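One chain, subunit A, links the two complexes that follow: it is found with subunit B in the first and with subunit C in the second.
And then the complex of A and B:
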């Protein structure tokens, strides 16, 4: 990379490039860098509810309060459970759907159009839809279970502390698996058919072809999809807000819901900002870990 | 098409074919069951809704719920005293307004930036590009505090401008990433020819690049629209139910409000993004996957 400067064009070209990028750069600095910095500053202060001043500097006191609070640790645990379920299920179901829709069958075009619908649906709408779908008195999920003879009566999934979290995970997965499926299907379509045919002639069975050809081919797409899934998992707000608002009790209170409550219900801006900083750092670490994990395996 | 699929399919064993069609059936149920439940709910009366098990194939359907949410024709059907019938249509209008302004603004700003990054790299261009990608990790929820405070001070809380300004946080980086990828794969020969013919850089951009980049601009436009249309959290905090998502969330917490009417409103809110994506399916999927793995 010693000659990186050589890749740049003449001075006038560089100046023109900078002029084209300048508006976007200024907007992003003002709207992203500045608020991020302000949130960091807020997190170190005891900000008054009005937010009109920073209030007294308290150092890391907000973080100390958070880390010694059982509410935070309970919420962190819920976020982790939600995220692990969400990431694994979204990726696996997405991969299964992509592999299925890459086969030849009648109606494939229509099936591929169907795959897009959950992805095009707003997160909040997915929350509302699944809240009622899983409802204990008029829900469709109960109707299906009853018709299949699996249950004899309706079950209030979202007010039962044991089933509330799994159902919210399922609702979020319904959307995100489609996103993963769309990207992975596009990746599969670029896989040269000759590779699989040659392997088949050599007597490789389905599993051998899947693990030795398909999965390695999809690795870059899988990394992207998984990183997206991790970020969406940690930052999920809409679905949980629409379905349970964190309840029953605190069984579905993910960190983003806790931040919302701190900032806008308890109007504790300092504490809420400190929580937001923690969430941001966790999402960042989560995303980077996935990237590192995949690339390290590649080296072996 | 169908016949060739058949002929090729003949190379498969019967068992494989059966497995594939069973898989397709499971796939269709997974996607369609919740959607079907929503649509049926919006087409039946509250008394039909109360039946156990839920009538997945209703004996009769009605458009009353749609009339209620679109025109306020509650007609004593138990919608209650909410003002939802008069609010959904104007709110859809506000959502369209915010989304459209953002699409136009972002295509201009992100288009220029992406083109600059792709064709006229300057010192620091790569760093800027990487920071744009990194912004996807900044939780929108983490930086809402400063927005709330700043918007209250300048007095734009509860106006479309609060959303037009704040939505740039996620729509602008998305548009830059997609358009940068798109410009990178456009051939440079035409631009070089224009240069030889004496066109200035700006003329080349306007007269030559904008027309041939139309598919990329359309795809980016659809994705920006989708993000703006779907956004809930900023609209909830920075406005008083100005756009559709917070309005739907508000309906949900109104006691008298029944699921049938909410289902009709929900279907209405799903239509614009779904139709848009299905029309531009090829463009959108292409743009979404172009930069993957880089």
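And then the complex of A and C:
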């Protein structure tokens, strides 16, 4: 069918296309590009708390202050540890759940529906739930561990610098793994059964089928899931803030909490914006690296 | 924003002379109650905007509604959660939101004036009387070093030692009055209670305890210029040694670094703790929990001197003088007395939660006395406000919020054994100087 654009030629085609995407572009520019640009500009100024002006231009001074501060490096280390744990566990547990829910068993429908619950719960609520779950006096986690005979006494997980970060990672993973599970389950459902059946007839064991058929089939979904997980990991705020507010000490002070403090509590707008720029760049590099690694392997 | 002498209305009066003059004014004011509170109805006919945090929002609306019903302007009350109140308020103000009257934390008050988000109250009718009516110890929270009046009280409290009288009596112990005595008594009580001492040591609150414990040992934290002179006092290291020992030796539970105060009140009510240092009104929550030990919990001064805290009301930017005067009328009603000279609003907060007002007359007002449950020793409380507590005036300086935000990390490092007491003194000093110097992480 000849459309309006065909009748008017390629130039008109481009103009027509631009008109169609214009509303979405305007929304994107207003909601995404402008704040990003503003953050970049703020990061180069000593912005007054009142926001009445940009304040004096300070060049890269905010970045110098940040990079010379041990607080930043400690927070970067916490963020990296959190992110590595979060990405690996979310992806692996999500994949395991997807594999399990792809099997035929009684109650599979219910189990699949339950998988959505953590994902449908807001991050902040997850944080509050887990704060109580991990509580050192009345928490369910301690009760379970005691029932299993793994501990003889209640442990204050969130006050202990050795366990606070792992517990916040677990809380965040609890939600994100279900998201990964849902996406990977959708991917698994498109895998033709004949492939596995043929491999099974050829004598391939479970691991061989998983590594040579399932994983390659899921690669595009895995890339998406992993990139999402990397971005969520670097930008995680709600769960950690609700559970520990960055404590004890600076044990769980991820960069997003440091940014929140600088921007909204101390109103160091310039410094907070510079931190946000750094975190944004790190998250971008992290996401792109994952994509590149996956595709490079695929090309090989 | 800088204020000029003209806007201050006090000429070159400094805080010392102002506070001194306050005493004389108090006497004069007490003879002239009509002058203190009597105002003509404001000419403002619009609606005032008020922002509060969500402690009993229905009560706030009801109190403000009564004010409006008495022929005053309508008030639009917005309530936002306590957690994250400062970021939310600052963001609204940065965005150009016009709020006539808002709750604020005292440590933010000078910063808000400097940023142009809050107006001083200088020269408003009756404001000098309000200050004069306060305990002298409380005035430093509302009047800055230049003599500007930057806020009115929303409520006030003093850090007290809540103790289990029965546990102490059974162990043959007297009520401890120093940090050393608390340590010794806690050691003795460990056979009764595993971790006898609790306190709200989460990051955000460590700064209040820093001052409470320094004041207990009569150490001055900051001088009039805001310099961290605690670093020069040899007793300071001892305070941090005590603090670290209480945690490291298990005299305080390990979970304290993230426990909320409601849970700690319950620990006292259930008999799982023998000492609890926090604001005086936590006695209400301990008693109202009606646990097996609730009735045995009493309060005593936390030391020879303690921290007096108080959150404040600040006046936002008004479009006209009439609006400003109407806001001030509301402020007086909410942060001082109603037109009949009664502590109507404060009395309501006393009934609701045992909150106090930093006015001497508050503790002797028969209606207020009747509002406090019998288990409160109001004479002790009043005396603590009057002579045994300190607001630490540096807490309102514009750089202070930056310092306040850093204390938690430093104190937690001490408690976790990651820093020595001497290093803690160094780190806190550096944090204070860094905050004064400008942008630091």
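Definition applied: the second predicted complex is superposed on the first by the 280 of 300 C-alpha atoms of A that agree within 3 Å, B and C clash if a C-alpha of one lies under 4 Å from a C-alpha of the other, contacts with A are read in each partner's own complex, and residues count from 1 in each chain.
Please note the rule applied: a residue touches a chain if its C-beta (ideal position, glycine included) is under 8 Å from a C-beta of that chain, and two chains touch if they have at least 3 such contacts.
Since the structure is predicted, the reported quantities are computational estimates derived from the model, not experimental observations.
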**Report entry** Touch count on subunit A, higher of subunit B and subunit C
**Finding:** B
Query raised in the report: For A:51, is the partner it touches subunit B (first), subunit C (second), both, or none of the two (neither)?
Result: both
Query raised in the report: For A:92, is the partner it touches subunit B (first), subunit C (second), both, or none of the two (neither)?
Result: neither
Requested in this report: May I ask you to decide whether A:234 touches subunit B, subunit C, both, or neither, giving the answer as first, second, both or neither?
Outcome: first
Requested in this report: Classify the contacts of A:293 with the two partner chains as first (subunit B alone), second (subunit C alone), both, or neither.
Outcome: neither
Requested in this report: Would you check which partner chain A:264 touches, where first means subunit B only, second means subunit C only, and both and neither mean what they say?
Outcome: both
Report task. Based on the superposed arrangement, let me know which partner A:273 touches: subunit B (first), subunit C (second), both, or neither? Result -> first
Query raised in the report: Between subunit B (first) and subunit C (second), which, if any, makes contact with A:35: first, second, both or neither?
Result: first
Report task. Quick one: classify A:25 as touching subunit B (first), subunit C (second), both or neither. Result -> first
Report task. Applying the touch criterion given at the start, work out whether A:118 contacts subunit B, subunit C, both or neither, answering first, second, both or neither. Result -> first
Query - Touching both subunit C and subunit B, counted on subunit A across the two superposed complexes - result: 51-52, 131, 135, 137, 260, 264
Query raised in the report: Which of the residues in subunit A end up touching subunit B in this complex?
Result: 5, 7-9, 13-21, 23-25, 27-28, 31-32, 34-36, 38-39, 42, 51-52, 93, 97, 100-101, 103-108, 111, 113-125, 128-133, 135, 137-140, 142-144, 146-147, 154, 174, 178, 182-183, 186-187, 220-221, 223-224, 231, 234-235, 237-238, 241-242, 256, 259-260, 263-264, 269, 272-273, 276-277, 279-280, 283-284, 287
Report task. Spell out the part of subunit B that touches subunit A in their complex, as residue ranges. Result -> 2, 5-6, 8-9, 20-21, 23-24, 27-28, 30-38, 40-41, 49-50, 52-54, 56, 109-110, 112-113, 115-117, 119-123, 125, 128, 131-132, 135-149, 152, 165-166, 168-169, 172-173, 176, 201, 226, 229-233, 237, 245, 248-249, 252, 259, 262-263, 266, 269-270, 273-274, 276-278, 281, 285-286, 288-289, 292-293
Query raised in the report: In the complex formed with subunit A, which residues of subunit C make contact?
Result: 84, 86-87, 90-91, 93-95, 111, 115-117, 202-204, 253-259, 263, 267, 401-402, 405, 408-409, 412-413, 415-416, 418, 438-441
Query - Sites on subunit A touched by subunit C in the complex - result: 46, 48-52, 62, 65-66, 69, 71-72, 131, 135-137, 156, 158-161, 164, 243-250, 253, 258, 260-262, 264-268, 270-271
